[in-house]
Amino acid sequence: MVNLESLYQELILDHYKNPLNKGLASDSSVSVHHVNPSCGDEVDLNLIVAGQQIVSVTWDGVGCSISQASTSVLSDLVRGKSAPEALRIIEAFSEVMASKGSNGGDPDLLGDAVAFAGVSRYPARIKCALLGWMALKDAMVQAKVIG
Amino acid sequence: MSLDVAKIKRDFPLLSRKVRHDLPLLYLDSGATSQKPIKVIEAESDFYRFHNSAVHRGAHLIAEEATDIYEGARAKIAHFIGAESVDEVIFTKSATESINLLAYSLGQARPNSPVSLKPGDSIVVSELEHHANLIPWQELAKRTGASLRWFPATEDGRLDLREIEQIIDSSTKIVALTHQSNVTGAITPLSSLLDRAKAVGAITVIDACQSVPHFPVDVQKLGIDFLAFSGHKMVGPTGIGLLWGRKSLLEELPPFLFGGSMVTSVSMSDATFAPVPRKFEAGVPNMAGAAGLGAAVDYLQSIGMDAIHNHELSLTEYALAKLQEIEGLTLIGPGESSDRGAVFSFTLDGIHPHDVGQALDDRGIAVRTGHHCAWPLMKKFGITGTTRATFYLYNSLEDVDRLVEGIDETQRFFTSRGL
Amino acid sequence: MSLDVAKIKRDFPLLSRKVRHDLPLLYLDSGATSQKPIKVIEAESDFYRFHNSAVHRGAHLIAEEATDIYEGARAKIAHFIGAESVDEVIFTKSATESINLLAYSLGQARPNSPVSLKPGDSIVVSELEHHANLIPWQELAKRTGASLRWFPATEDGRLDLREIEQIIDSSTKIVALTHQSNVTGAITPLSSLLDRAKAVGAITVIDACQSVPHFPVDVQKLGIDFLAFSGHKMVGPTGIGLLWGRKSLLEELPPFLFGGSMVTSVSMSDATFAPVPRKFEAGVPNMAGAAGLGAAVDYLQSIGMDAIHNHELSLTEYALAKLQEIEGLTLIGPGESSDRGAVFSFTLDGIHPHDVGQALDDRGIAVRTGHHCAWPLMKKFGITGTTRATFYLYNSLEDVDRLVEGIDETQRFFTSRGL
Amino acid sequence: MVNLESLYQELILDHYKNPLNKGLASDSSVSVHHVNPSCGDEVDLNLIVAGQQIVSVTWDGVGCSISQASTSVLSDLVRGKSAPEALRIIEAFSEVMASKGSNGGDPDLLGDAVAFAGVSRYPARIKCALLGWMALKDAMVQAKVIG
């Protein structure tokens, strides 16, 4: 049984308090806006790509600690990655989220994002953790760097 | 405290559930759906075990029994809400369907009918509405060219009636309002509204999802035209809702769903329709649901709606006092207990409602978080959501204490981590 | 006979009921509604006892459990009918609602949408349709100016396809047909119909109320666009129905009922809608019903749909032989067992169906009498009604014998009195 | 417990076989057509009144033995009665039908119609027994001999 302490790890709350790349860059290759309709949380995300490479992800939004922190971690994690690499990361994270606690995630691939593994035991929170990630995937599709 | 809550709790099997960390469940989400007493659960399963058969259709004994149970439930509900005739009670699948039925049917009324809408007409709702009593009217307005108007909400989550004369005017054909807000708990003061609606000749539709389960509602005394509510919020089964309507208006309205059991004759190209309520009940209905709902009405009446109301009033007074003592807690809704139900929406400084809900859940306390299907109201208050605790006949003053303690621990958990 | 009927009967509590004169019930009305096995009854009551909570809404443990059960039932049904994706399965209250949903939604499609209708277009049904798959299309035709056409019935109660090229032509936008007639038992030969519908670009809607409960149905193998059926006829609960649709078409269609849980955002004057299936499931759904329906699918699969089909085929062969031996009995429906289910409508010379039903009821045999919500078909055959006996997995060859004996005694009772 | 014999009394089956006043008179004060939508049974009824008096009730229709016989009995019973008397008879019969077997009916008022008392134990058949009676009541309202 996960408890509250293991769900709200220090790393998560740190990102929540001091989010990375929060505040939208004034220019972007693609801008997207995503909403979690069950709670009303929102994220705006600006993606800048150069060729196949992710130059920067900036974002803004309102939401719970899980959604804010996971978007913060994500924005840092994919910066400088190639689009296929970023997609691999997003998919690996989605698998962790779908695993009901059985997949802790590969720290080499997911970095700080493995801290969210506990969320997968709480179905109602998975959408929070994925909000920014699904926004980025959408932005990458719109930027035509993935299919 | 007039109700013997410990005894009542024993009637509801789910309330003895253990949840996370083997803690006893504290269920404070009855505003979303209520729990069910054994008698309701058994009424449904007994229907299946002994009487299951298609109502109004078979020429055999169990079909007769099923019909008796189904029509008996209709009669119980008619009596429960003070309907003039059992024919005024229509079974739907939910309050949502009830309101949609009405909106669709009104939209299809004969052009010269007193209930039809046209451009220039207006429909009046409020900022406090649940999406179920808002979007169907938005759509009806779009389909007919009528305009949608609304009463704003006050700072403490009540209806702001100051502009009543401008909002309900001679163009107004429909006034559709919640009887009690599922977010703020505010009870709508219907009498002045109904007077004004009647003065301009508008039809009145009351969303009673949060009123019929909690205090006595008498449609004739209120003097309204339509009432919509759901079985599952009044200790009844899921999948059954109700629409009450004045018979003369129901007769004027065209049917909504078309199919078996709602016709008087059918040819390949045409059909004529049965009298109410059959006209509005196409297909094999939720018979077991009706059986369960009949038992739910019996159960509520055995406790007494006045007693339930008084009990909730005590809970409200106690909870309001306790909650308003909590530093960093902002109540979204009236701070005093008059004309409000035991619905407590709040925000905590620096902690998102979702995180509050999670922390309470970890302590075995089930609340709801989010916009509560009242998104416009959230926008009005400049928030994305609240944490909402709702109380019912099976909740006690100790439940309030446990909630308050849970909020306290939640605040300590997050503030100790720097939030 | 591949099924152990005695064992299966014990799973269905109602089948051990005693009825008039303390006789054991013989239930031959499954075409109207089927009986329920204990596992289905318990799945519903267990939902209420242990997991009842509003799905998709609460941030607490039992809300998670309820959501798992509800979405788990959707997945079971998707698998059961061979859907490509769980998102293609929509919970309604009945097949009647499913078909009405479709008819309303198609009627509201964007004018330039591939699924919208306009004057000059045609909708094709048949004389064999249940009112639920007829009147919604009559109404849609009236609302859009499209015309309604139909396949006639043959003398033995099948679809008369001789004019297929004229009936389904380039004007045809929708072909809505029953998969198995609830009156004659005839199974519709879909493949030529679907070929023709596809050739002209029409949408195909199949009323599967009498097929999904009785034989394997795979929507992808059939290659249809929409499928509607009811839980209560497939050993499931009352108050829950299904609409399956191709995802691309469901995405194209506008919502039907409006309210909570089907939106992505809402303001006072406007709303945007969630992806399928949520777009079509406004309000708190019939969660216990879904739990029960999931258990019903499990139950049917534990017996095996092929086994059920073969069993019914044996019953059909036996019953057809026995019934056709009875002097003065006219079968309304195919006389041979190929492409037909275990549905036997008949008339007896000189004795009105209602009187036949009454006499059988007096012997503990529950059948249905009347027009079976297929009034146009009755008119076609020049009768006001039939007596109908329908068999299911819990019926045996002995049940056929008891019916035949009952018919015999009925004839003797009335003829001895001069009829 | 009623059995089939007591439901289908000889008198009922006799009226079914040889119905009285069946075949519509060519003229009428009022004609009505009623249907029992649950089974499709139909009755056409022609009422002739003179002042407040019922001169004749003729009818035609299709239906079960109960509906046919009870219309036959009715047509005979009300002939020559005053409108208020006929209404009293119809109401007394309706009460018998609603009584679930507890009210056998007053033979002085209802004559042969008391033979139908057993029908009241079979809710699905009550509408059959009442089909012609409701048609007559409707016709009397239309003829303005009752309110």
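The first chain written gets the first letter, and so on, giving A, B, C and D; residue counts start at 1 in each chain.
Criterion: a residue touches a chain if its C-beta (ideal position, glycine included) is under 8 Å from a C-beta of that chain, and two chains touch if they have at least 3 such contacts.
This structure is a prediction, so every number in the text was calculated from the model and none was measured.
Student: Could you give the separation in Å between the centres of chain A and chain C, each centre being the mean of its C-alpha atoms?
Tutor: Averaging C-alpha atoms per chain gives centres 45 Å apart.
Student: Provide the C-alpha centroid distance between chain C and chain D, rounded to the nearest whole angstrom.
Tutor: Inter-chain centre distance comes to 37 Å.
Student: Mind checking the centre-to-centre distance between chain A and chain D? Centres are C-alpha means, answer in whole Å.
Tutor: Those two chain centres are 77 Å apart.
Student: Chain B to chain C: how many Å between their CA centres?
Tutor: 31
Student: Which residue numbers or ranges of chain D touch two or more of the other chains?
Tutor: As it turns out, chain D has residues touching two or more other chains at 38, 122, 125.
Student: Can you list every residue of chain B that touches 2 or more other chains, as numbers and ranges?
Tutor: 20, 57-59, 63, 261, 263, 265, 354, 358, 369-370, 375 - these are the residues of chain B that touch more than one other chain.
Student: Taking touching chains as linked, do they make an open path (line), a single closed cycle (ring), a hub with spokes (star), an all-linked set (complete), or other?
Tutor: Shape = other; not a path, cycle, star or full graph.
Student: If we use the touch criterion from the header, which chain pairs count as touching?
Tutor: Inter-chain contacts occur between A-B, A-C, B-C, B-D, C-D.
Student: Considering only the defined contacts, which chain D positions touch chain B in the complex?
Tutor: For this pair, the touching residues of chain D are 35, 37-38, 122-125.
Student: What residues of chain B sit close enough to touch chain A in their complex?
Tutor: It comes out as residues 20-21, 352-355, 358-359, 362, 369-371, 375, 378, 384-385, 413-414, 417-419.
Student: Using the touch rule from the top, collect the residues of chain C that touch chain A in their complex.
Tutor: Counting only chain C, the residues touching chain A are 56-59, 63-64, 67-68, 261, 263-265, 274.
Student: What residues on chain A touch chain B, complex-wise?
Tutor: 1, 3-4, 7-8, 10, 13, 16-17, 38-42, 62-67, 122, 125, 128
Student: Per the contact definition, I'd like the list of chain C residues that touch chain B in the complex.
Tutor: Listed in rising order, the residues of chain C that touch chain B are 13-14, 17, 19-20, 25, 27, 29, 32-33, 35-36, 40-42, 44-45, 48-54, 57-63, 93-97, 99-100, 103-104, 127, 130-132, 134-136, 138-139, 148, 150, 230, 232, 237-240, 256-261, 263, 265-271, 282-289, 354, 357-358, 360-361, 365-370, 373, 375-376, 379.
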